[in-house]
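Paired with subunit B in one complex and with subunit C in the other, subunit A is shared by the two complexes that follow.
Up next is the complex of A and B:
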């Protein structure tokens, strides 16, 4: 059975996580506001940016738990196991992992980090393809102007 | 139980008003008048005291042979009530803690939906985030917040269930112990095993 202290600490960490998320919105956190403007017209990239923010928020819970566990010097290991179970239950709510067995903690953390990396890569590819598209547009415009110049030159020569 | 005056409570539990006033004074050291209002807790406490006293009084009296079984049952009930009150006293802090956890979560959830969420929506508007984009963020925020607070509620409930489990187990043990004592007493009184 979890002790009063452990239950309280666990609930405090979850509460802190929620408070930090709300504060991110109120404090204009760049991870939320920058992509909101940047990808206003790119729904797919905006989705990825949103996913990335919430994945980062989820994994921040483990840092909060670990920090809290350091205060339980007498039985740190047991406390960490309890936090691990709750953390995995939290991930389970996002269907990231389907077990809350503390032994699967590393798998849970690895999965969420992989998701973060994949999202980063997708966003990078999206950003690059956007830059590439702009480059192509410049090239097309350049070719069009050069072509018109040549036509103009030729028509003047003929006259 | 609704808040009642001393007079109303005396009628409810069928006790004379002057007796009731005396009881309150002797058990709580408070001087009460017929119109003094009694809270839920106070009424419950008085009921328990009356019940315990009646049972104790009954157990002292000489009971006719035919009522021995009833007496035994009442004694069992008395033991059970006594033990239950002791348990409540022993786990008073645990009960208070469990109730405060649930209360905090209810308050937080209601504050989020009535105040915090509005502030976030206004901030996104002031920052001129596109409406469609803002509504997607809000949708995600509400979903994430709800999932997290639901998990917290589940944890708090689990704790309540654990405390109740201890209660039940201890009460059960006390009842079986009392039953065994009862059988033991009955066997000596009636000589159940004399012929065996």
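Up next is the complex of A and C:
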């Protein structure tokens, strides 16, 4: 039998989660704002950086709950089952998991951590590619100048 | 019931893992290079070369796009035929690129460009090596992650391609300036030609490095995706052990093991 108290714990976590996100924006958290400038020419990387923030935000619900649950020691199992279903539904919105069965909470948490790692790898790939492109850009300019220098030198020698 | 739930959840992540991403065909990225040929007198061989350099980049992009299309078509009976057609198309494309490079090497104009010729050989080698590897790496990704990878790799490829076009255009203009300069002696022209040849060879080396890096990065991502699939498998394994401990009936355990095997099959 679910009581109001157990449901309240989950609602409280969701409320704190929303409040944290608003606060992150109000505080101009670098995780949100820095990529907007760093990746202004790269929509794909900007999307990945945004998604990375949301993954961190999603996993924070679990941390918030772990703290909240300590107040419900008598019915911890029931409280966790309610939270797990809601949390998995939340993860479902990000296509991380396709089920809200409470028994799969651990899998949901593991998957979200793996997703964070994968997003980091994707961002590294983009940064690698940008670094390579910048080197190439400098090389093109260097080649242009060297060619002009060479053609000028040879033309003067001909004269 | 809950185990089928897990299977479904993890299945979503491992979806299409067995489908090796195959794809070929000439994309649109290299189209701009050919148009220079009509205005500049640097020779047909160079333009052909430009086109050949772009094609592997297009192919890499197609590796990423094809699995997404395959997912769309996965419920169709025809998808196996299409898979085969894509495989044939890809193989044909590789053979065509190599044949065209061989033809190019016979060209007299091309003969003069020693450095470019060497770089092309390296490029060709890497292309052959990477073809299978990249396809496999992308094939292991989930649909959602493939889409992200596609957006990223596509964006970076287009940005790189713009730069490669710029370098190519610059080389062609420089060859043209050398050829059309009547005040310059043949000796000086040869020196300059040699310099541009080396520079062009550097551009091809860059293209090789770019392709290699893309491939290496894909392998890295793929390794990561495997860990996601494995975390699903570990989870099921743990549950199986728990059920065996509490003495589940043989039939039910066999059913669950089947479900786990199926999942493992996705990752192969």
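The rule is short, and it goes like this: the second predicted complex is superposed on the first by the 155 of 159 C-alpha atoms of A that agree within 3 Å, B and C clash if a C-alpha of one lies under 4 Å from a C-alpha of the other, contacts with A are read in each partner's own complex, and residues count from 1 in each chain.
To be clear about the criterion, a residue touches a chain if its C-beta (ideal position, glycine included) is under 8 Å from a C-beta of that chain, and two chains touch if they have at least 3 such contacts.
Bear in mind that the values here come from a model prediction, so they are computed numbers and not experimental data.
Engineer: Quick check on the superposed pair: does A:22 touch subunit B, subunit C, both, or neither? Answer first, second, both or neither.
Structural biologist: First partner only, subunit B.
Engineer: Let me test your reading of the model: by the given contact rule, A:133 touches which partner, first (subunit B), second (subunit C), both or neither?
Structural biologist: A:133: touches subunit C, not subunit B.
Engineer: Can A:117 be said to touch subunit B (first), subunit C (second), both, or neither?
Structural biologist: A:117: touches subunit C, not subunit B.
Engineer: One more residue to check, A:48. First (subunit B), second (subunit C), both or neither?
Structural biologist: second
Engineer: Per the contact definition in the header, classify A:30: touching subunit B only (first), subunit C only (second), both, or neither.
Structural biologist: Neither partner.
Engineer: Once the shared chain is lined up, is A:10 touching subunit B (first), subunit C (second), both, or neither of them?
Structural biologist: A:10: touches subunit B, not subunit C.
Engineer: In this superposition, which partner touches a larger number of subunit A residues, subunit B or subunit C?
Structural biologist: C
Engineer: Can you list the residues of subunit A that meet both subunit B and subunit C?
Structural biologist: Of subunit A, residues 47 contact subunit B in one complex and subunit C in the other.
Engineer: Note which residues of subunit C are touching subunit A in the complex, please.
Structural biologist: 2, 5-6, 8-10, 12-13, 144-145, 148-149, 151-156, 159-160, 163-164, 166-167, 170, 174, 177-178, 181, 183-185, 188, 191-192, 195-196, 199, 202, 206, 209-210, 213-214, 217, 220-221, 224-225, 227-228, 231-232, 235
Engineer: In their shared complex, at which residues does subunit A touch subunit B?
Structural biologist: 1-2, 4, 7-8, 10-11, 14-15, 17-18, 21-22, 25-26, 28, 32-33, 36-37, 40, 46-47, 50, 54, 57, 86, 89-90, 93-94
Engineer: Show me the residue ranges of subunit A that touch subunit C in the complex, using the header's touch definition.
Structural biologist: The contact residues of subunit A facing subunit C are 42-45, 47-48, 51, 95, 97-99, 101, 103-104, 106-107, 110-111, 114-115, 117-118, 121-122, 124-126, 128-130, 132-133, 136-137, 139-140, 143-144, 146-147, 150-151, 154-155, 157-158.
Engineer: Touching residues of subunit B toward subunit A in the complex: what are they?
Structural biologist: 94, 97, 101, 105, 108, 112, 116, 119-120, 123-124, 127, 129-130, 133-134, 136-137, 140-141, 144-145, 147-152, 154-156, 159, 162
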